[in-house]
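Chain IDs A, B, C and D follow the sequence of writing; residue 1 opens each chain.
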Amino acid sequence: MFGDKIKKDKSFELGFGQKNYEKSVRFLNKDGSVNIKRRGLKGMDNVDIYHWLITTSWKNLFFMIVISYTIANLGFASVYYMMGYGNFGGIIGYDGPSRFLDLFFFSAQTLTTVGYGHVYPNATNVSSVAAIESMFGLMGFAMATGVLYGRFSRPKAVLLYSNRALISPYEGITGLMFRVANTKQNELIEIEASVVISYNDPETKKREFDRLPLEISKINFLPLSWTVVHPIDEKSPIYKISKDELMKRDAELIILIKAINDTYSQTVYSRMSYKAFEFEENARFVPIKQEAGANGKISINLTDIHTYNKTI
Amino acid sequence: MFGDKIKKDKSFELGFGQKNYEKSVRFLNKDGSVNIKRRGLKGMDNVDIYHWLITTSWKNLFFMIVISYTIANLGFASVYYMMGYGNFGGIIGYDGPSRFLDLFFFSAQTLTTVGYGHVYPNATNVSSVAAIESMFGLMGFAMATGVLYGRFSRPKAVLLYSNRALISPYEGITGLMFRVANTKQNELIEIEASVVISYNDPETKKREFDRLPLEISKINFLPLSWTVVHPIDEKSPIYKISKDELMKRDAELIILIKAINDTYSQTVYSRMSYKAFEFEENARFVPIKQEAGANGKISINLTDIHTYNKTI
Amino acid sequence: MFGDKIKKDKSFELGFGQKNYEKSVRFLNKDGSVNIKRRGLKGMDNVDIYHWLITTSWKNLFFMIVISYTIANLGFASVYYMMGYGNFGGIIGYDGPSRFLDLFFFSAQTLTTVGYGHVYPNATNVSSVAAIESMFGLMGFAMATGVLYGRFSRPKAVLLYSNRALISPYEGITGLMFRVANTKQNELIEIEASVVISYNDPETKKREFDRLPLEISKINFLPLSWTVVHPIDEKSPIYKISKDELMKRDAELIILIKAINDTYSQTVYSRMSYKAFEFEENARFVPIKQEAGANGKISINLTDIHTYNKTI
Amino acid sequence: MFGDKIKKDKSFELGFGQKNYEKSVRFLNKDGSVNIKRRGLKGMDNVDIYHWLITTSWKNLFFMIVISYTIANLGFASVYYMMGYGNFGGIIGYDGPSRFLDLFFFSAQTLTTVGYGHVYPNATNVSSVAAIESMFGLMGFAMATGVLYGRFSRPKAVLLYSNRALISPYEGITGLMFRVANTKQNELIEIEASVVISYNDPETKKREFDRLPLEISKINFLPLSWTVVHPIDEKSPIYKISKDELMKRDAELIILIKAINDTYSQTVYSRMSYKAFEFEENARFVPIKQEAGANGKISINLTDIHTYNKTI
């Protein structure tokens, strides 16, 4: 039960606060991100452009690049225009706007170092700016290379979790369990799971965090799916606690999975959480069908990962 | 024996299923890849272009680059052609096809930013497209840089395994053994092996996976070759089991080797498997000749790694 | 107490010397850098340009790039000028200085590979130099790409430490404690702290280094702030030692924190030190207010991290 | 003594052979490279170009780049020349050799994408080759970027070892010791040493490898120098063995050091070996002078690392 268990391992802490929150909280979002907002860092180093460039969507990145490119060209074109179009050879525009356009495209040709040369700088001032612009172009491009490589090579574990965590019959008692599978083509090895339950304790008036012992906490491969099981025996903090009671205590199951991506030998991390309303009592996962093909290849269908039957 | 051994370490699992497959299966291919197919991920994130670009052969990558380059140039040339060749300066083609070719090469000169300038965009619409094309060229090239670096720097352990796993006399009893050597010029350090045997258990009707204890499971260097030995004593799950019986039970020896590549300080992984028909009874590896040269350099010939003698 | 404690763990050493320094020393600076100067490496490999390029400020790097670019162009322009401006097509300068300027900009256009072509090399000698220059330009740019990516991807833990380390009431006794928080948007996981106190021992006449046991030395997340506590019980080397005495003994609290940056799966390190004059006796940290928003998001204000009250 | 010691830890092995070599061997060179030659890998994957590009000297790399660049340009110029100089606009050479030179420089301008355009391809065949060449140029440059970054970012521990290993008085008995220091500007943390002695055992007729227990085997920092000490007590395999005897047995002290480079959070490795003739009996290291400057900065002179006094 929640109240009368002894906290044996004082050295365990999840790093979240122990306030008995009045409102319901969710520590981890479904996508594994931490549900926290740090405020008040005025002037401090809490803007991390590279972090944004690496983690934003491809769509955002694409727009950012296009907009930066356009703004840079507008800026340099304005400088060239103010210095006078007469300093350039090959300008064919006969009025202001068309001359500005010529200089805009000259700027683009300089920034990307394509440099056709039908328009070219013909005086010291504009030549100097063009020399700076082409260097900036190269630097910007060097940054883009770094960002793209950073995005490509960033360690990601894209795991598929079952929609529900089940409280199922398990070896005479019951177990709290969920399933997880790798959705990517690369293999994960040395997969380790640790599972924590967090809840408001009515006696201590604190938010408690208890690690749940697992039947198996580390596997060597994850070729198929893995059913992670916490056996609910007398020592379990959720022994004989119903789903309703867990919901009342605002319980959250916090899952931390660590593995090695075999292609890049990178350690990857995945996090997930189930709130108590995402638990399912008296239910049992339907085993995922494994088929051995003619060539000895084992085949599974991952859409089955969420499927369970009610036992009552 | 298979049946009466007690599973002491319940926390061990390889991550493969325990179905008693009717057909013979091979969990790991000879090249160490996992012999599994995940289906049914409709619309899910199971296409990983970067993974393909990193792991495909150099030949495939080369063709992919050439084809993408050609298609991009055909695409942009078509756009330019539709906008009208009159918008370009320097076109010398006198009919449709030759003008298209001129624009195709203009596109190539823009995409690679070589920009000779004998052909150049002379109107707003085509200048805009060219500005976009040169930026795309740079981005594509940035991606290529990332892919090439990713391929180069990817951790790889290229180990040479003996063709056969032998059941040889070993310190009064017998041992299951194989040999492994590094084929690359860089050194491997802190090499760790773990070996698992998988088989159909006729009693439990399940596929069992048992870790085989090794005489030595970790070595500091792998300058020469390493003979990995599982002593077949009474506690071994293959004690007094013949090769025929192992074949009948569809046994597979699964080998996981982990090491550090000294040049890049990267952890590298190698996997291999021997099916029972690749075992050899009553055989003994011929020691690999080590010669100390005049300069104190020790020299070995790795082609000897496969060589064994029959002992009966 | 300092004098009569028994050094149990002989295998512990921080790597600093044990001289009883006459002047006050600080082993770690506030920014975590080691306060040491290695001299006398004449001709040895102690200049590490890449290290400088990676760790210097963006401002310094920017100036270094601009200056290198200018010097390279001045150098190549001089070579071209000495070879004779008549070897170039398109030079419009009518006197020495203006011809040199033309060649300077030609050099910039070559180094950045923008190559407009209104000025071009028209003889073997200058064409050869230009071929070399453009290759150098590409190599320099390749290096810049590597440096920029190296800077971006360098593991950094930007932790915020409380200004003071407090000696506060703690579970019936007192504790030495400080607070730490993550100032970046990415999450830190598996945070581990180890704390060492260094002081001049009047008896042994040596500089002693003692590891201070912590209440909790590892946490899973650092979403909020972490109060690291050393309980000052009888076994503590600072048991019943006042701040004045600690200052007299030139005590320094050395903090080593290790964590994993979740975005890049990199291990990051942070170091800090408090000299005895930065300790505060009879003080207590004010808890940082946690608020659960309507959406269940927990919000904190990190500027509160330094706040403490005097207890007397 | 060598002969009568009991090998307790059978799981220890260095990975070298145990032949009782007739000639004297050195397993590790002074620079830490493994003194071994693997032969006989005909047709196998033992050529690793990237490994060479990463580990060769900067001088070799520079020559390799210049030569590749020259050969590529000669090759493409030959193709252009065979296709006919008439297919190009802007050729000014009036005879074969000067036309070839024009095409050689055109090739260089294409490969580097500088593309001035005073010479330009004017027919389909040469335009096609130029389109291919500029793409090859970009790919080659992408590879160069990868190689340069790989060289820059490669983990390297540049440690300075004392010239001699000393057998010195140590806490009542004697100890085998050497000193090591960091020569780079970045800090090394979590430095771990392990030391093995290898020798021909006259009784077993085998090459033995014994790990030597160290007084301290791990330190947190390496700001100054570290004296690594093996106490020669009764359990030591070199207890009461003289330097002469060690030389007769062709003894080699093999040192493996592992640390974390603080700037890049990379694990780095360093290896060294002392042959018995590099031991010094009855000698004692002179302590390296540490000075605390006015600003509290501690200063040392690393050239003192080799200095020792004879004690007899």
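Criterion: contacts are C-beta pairs under 8 Å (C-beta built on N, C-alpha and C of every residue); 3 or more make two chains touch, one makes a residue touch a chain.
Computed from a predicted structure; not experimentally measured.
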Over half of interface residue numbers shared between chain A and chain C means same, under half means different, so which is it? different
Farthest chain from chain A, comparing Cα centres? D
Averaging only over C-alpha atoms, locate the centres of chain A and chain C and give their separation in whole Å. 26
Whole-Å gap between the CA centroids of chain B and chain C: 37
Multi-chain contact residues (two or more partners), chain B: 109, 113-117, 145, 149
Under the touch definition given earlier, write down the residues of chain D that touch chain C in their complex. 65-66, 69, 73, 92, 98, 101, 105, 108-109, 112-118, 141, 144-145, 148-149, 152-153, 158, 160, 181-187, 189, 191, 215-224, 226, 260, 262-265, 290, 292-294, 296-304
Complex interface listing, chain D residues touching chain A: 113, 115-117, 145
Show me the residue ranges of chain A that touch chain C in the complex, using the header's touch definition. 10-17, 19, 21-27, 33-42, 44-46, 48, 50-52, 54-55, 89, 109-110, 113-117, 120-122, 124, 127-128, 130-131, 134-135, 137-139, 142-143, 145-147, 149-150, 154-155, 196, 256, 266-269
